[in-house]
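The two complexes that follow have chain A in common; it is paired with chain B in the first and with chain C in the second.
Right, the complex of A and B next:
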């Protein structure tokens, strides 16, 4: 085996190719984030500094220091290519600089404070929606399931078309404002401090019910529709006919033959849906003033805090790329028909 | 003689038109989601047309009436003339909510149409170039499309919108959203072209020496038109979704009463905590009608343009 053969075999390796793709996502995204502000000809950072300087106020103290830090960090007198290099080096070290609005707090610590809330909320929501939606879709795509299921699930399927935050507004009005069953906003009661206790955990769950319900209700349909489509496609396949001819029990046909084969593409859809779930939940967090990433992003947009916006978008894209990579790499373990070796 | 023929031909066209309408009616009965979807959007358009004809739409501007008025609550700022109040009340800044709805629906649809049309055109061209030429061209385009699918478009749109900011107009909003609207059409149409490329008539056209350009746009494009039409509806829907999301985050045209900006003002002034259902209710209802309508039309058109999906169960 020559060196060239080894190189070739590495290149055709499935995992390696997926990893290259992951790097490409990060490179393209970070380059876009670098170029867009320069193409627009405006400088949000400088504008923000000028604005605050005109206003005076509480920002005055850090202004000089920040301006110095800003020009030193970005070397604005340097050529574009050098700026690009510095920028990429900073990103590579996950150094996004200080927040403008909450100086000298760093972007990283702002994101760190809120990431756990979003992660917790979205992980639970995605799990429930995937599970319930897939079962609903399987039942809807199964010819022998009772008719009334159609009438129960069809309205829920149409909810798939509606953005999460519209549902959030409706739920908050009915269940928090009118019925007063759940709190109106926040991740935990205003007077309490986060701690490890049963009461606090209960409080967090109580606050999360409405935001979670709006995300779950609005994303159920996506999973149900995908699953139903796959179930219908599987219906005419040879293995289904063979299993039926063997006289297997209906329940066994359903779970071991139809569902088991239909659920595989759902896991690929999981990779693509993560982005949708995150971006969809941003406004849900804003509406419920949930202390997660979405709300931090919203505050940053309102305060024109460009470093926070940039850092957060970069981190989210890296996370999504990484999740996609992990799902892509584990997929062949789930589905033996897809092999590591064949390439994409 | 001439009058007779024109009469006859008029009669004929009338008949065919009627026939077509009947055919359409029969098809709608087999494909109810298309019918319901069209009905939802048509009722909104009717609402806008009647509204522009009979209502003072100009009152979508702030300070047109007193603030925070419930429906039919007398307006203390315009005594005598406005004792009957406003049909849907006013918002915190004194906009007439009814006028905002009448003016906002076409604006929001306009953003969706601009972005959807640009997205589908760019996507179609890229898809044809990639699928027809294949090789490295296809690899480059497909890889970019795959990357674009993994990166949520709205995040890139946030970076764009944060940097334009000052005085975004409705048209610019449409243009901005179109920056990410081409990705999904490019992918799905490419898959269709790949299948079509192997068909005999394309082979024959190629053997008879037709240029690649005219094979793509004279032979294949007309055959894909129904499919592209169906994806147009889908991309208009996702463009509206993206634009309303951006606007609700406060990155939209501030002086236009689009539906997304109405949601933004609602969030900004916590209308729910003040129980102002007449302010947040209408935009939610209208947006739900638009999204569900477009969703049903997409599902219906999918079945129409892709006969393999037709009612297998």
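Right, the complex of A and C next:
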């Protein structure tokens, strides 16, 4: 085996171990999702039927039989361990069953319809906020930056103190209600159907501007302040002083020395916030009635749509685990001090 | 600048390596001005080694940074001249000064452990200084040239060429400091400022690193200013020694004479306080605390430490060949 082969095997080994860890997290979390509702001791089918019966105004005979029949149909009469096995098998096939509120629509199709909207809006927003915020923070934390930057960025950073849903309401009031520049709500115009055309794409962008702005403006400060703090800390490091004594050009000092080191904790934070992309902005989606996951989750909670909620939670767990996994695997490329080798 | 051109310019110019005149570094604080370096003057011929010693807070490192013109706010260089190669470095604009660094004056930094960029390979840290000193007419270095230069620089400091591909965290403290020396000598500077270059290393490694530094400095015929508080190291390494107290030089002279017959009371106490094997009863310190540099009055600063005052301007007195002291009448016989 050559040196290269050994390195390669260590590399893959590291990734393999991280991947096992990723699977372990998902297994533990999904087991928790399975157990917690069953610990409550309530029978959701029976309760649903009771509720319906009360709404109807008269007690229906045979309610018990009906509940038992449904339980049999859903497999709830089987021993816990068998239920657990079935549940895990379903998860393995990414089968979350039918939606209760929109029966017979499946949870998968419900989530599938909205996931693209959320992912498009939030992933893009997170990246924009990360890049703009990090660059702003880097410039703010650099002593040779021109002074006027302080006057531009500092007011923007104060927006970080405002909750994004409040910001969303303010934006709606100003730009949609008063100025009428952007639509009040929705992911696309009411009378249109989604299609692959330029007009529809433009419509989507037009609808996304306000929700996107509220998310970006509110999280910009987080990234900028974090980066600025790291830049300032780095200024005091010995290697920065030594680098300046080398007579390096400012641009190299800035990018290769200051930013390159300051950005490391930022990337960890980016991975974690990408992990929460799907649920991060439920309130913004609700306020803008955006057809994304957040809104779907909100509706599901309102309608007690247990299977949809469970599917959502599972998706959140998977994305968070996946984000952690990706950062684990890529971090050694960013920081040579974190190595793929075991024990260091 | 190619090596040949530079050597020619070095020998054609005056023998003087660095000439510091009345250098002042002040820190503006809300309570007043702190004179961290207060009118320091000295000069060094090429190839000479001078050490600056003194307690913590005596202004040694501040002086070192000022020689590189790297004084940071709230500090500022409040006056004086630093001539290197016939030019006053304090008179240059920022870009000219940047080009002087590494090319004319180079720093071997304090705190070897953290003086390298943790996320950059050693070879790139050796080369980026060279890149940034290339002028527009210069040709871009080819891959082969880069490898060759890196290998030459590393072997000169007794490091294996394979170190080029490593990251700082993979090196030991001594190796890191060797890399720092390789960087500092990469452009064959006229002056090397070594700010406590071995303070983080153990004694054996210290000795090796200092030998490497000395060998390279001799080869380049560069002046070296060694900042340190390790008197033993200083005595072994340098030709001249300057003793600093409260931001001022109080005694300057050849190492041997100063150590054998120190004339300033502060130097005397400093040398006496060195622990020796034959006398291991107690550590002999220096009484009192170092003078506070805030609003330090004119006159003798050492008098204040021993409870005296002498507001007169203290003259420099030549006590032996090349040996000068700040001769204060009130305290000069203290501790004899």
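Odds and ends about this structure:
Everything that follows uses one rule, which is that the second predicted complex is superposed on the first by the 279 of 344 C-alpha atoms of A that agree within 3 Å, B and C clash if a C-alpha of one lies under 4 Å from a C-alpha of the other, contacts with A are read in each partner's own complex, and residues count from 1 in each chain.
Following the convention adopted for this analysis, a residue touches a chain if its C-beta (ideal position, glycine included) is under 8 Å from a C-beta of that chain, and two chains touch if they have at least 3 such contacts.
Everything numeric here is computed off the predicted structure, so don't read it as measured data.
When both complexes are overlaid on chain A, chain B and chain C end up sitting side by side without clashing. With both complexes placed on chain A, chain A has more residues touched by B than by the other of chain B and chain C. In the superposition on chain A, A:336 makes contact with chain C only, while chain B stays out of contact range.
In the superposition on chain A, contact of A:239 is made with chain C only, not with chain B. An angle of 80 degrees, to the nearest 10, separates chain B from chain C at the C-alpha centre of chain A in the overlay.
When the two structures are aligned on the shared chain, A:113 is found in touch with neither chain B nor chain C. By the touch criterion defined above, A:302 reaches chain B but does not reach chain C. Of the two partner chains, chain C is the only one touched by A:252; chain B is not. Of the two partner chains placed by the overlay, only chain C lies in contact with A:261; chain B stays clear of it. In the superposed model, A:33 lies in contact with chain B only, and not with chain C. With chain A fitted onto itself, chain B and chain C come no nearer than 9 Å, counting C-alpha atoms only. Shared contact residues of chain A, touching chain B in one structure and chain C in the other: 143. On the side of chain B, the complex with chain A involves touching residues 143-144, 146-147, 149-152, 154-156, 158-160, 162-166, 237, 241, 244-245, 248-251, 263, 266-267, 272-273, 275, 277, 280, 284, 287-288, 291-292, 294-296, 312-313. Within the complex formed with chain B, the residues of chain A that make contact are 21, 24-25, 28-29, 32-33, 36-37, 40, 42, 44, 141, 143, 158, 160-163, 165-166, 169-170, 172-173, 177, 184, 232, 235-236, 271-272, 275-276, 278-279, 282-283, 286-287, 297-298, 301-302, 304, 306, 309-310, 313, 316-317, 320-321, 324. Residues 143, 237-239, 241-249, 252, 256-257, 260-261, 264, 334-337 of chain A are the ones that touch chain C when the two sit in their complex.
Listing the residues of chain C that touch chain A in their complex gives 65, 68, 70, 73, 98-103, 106-107, 109-111, 113-120, 128-129, 132-133, 167, 169, 180, 183.
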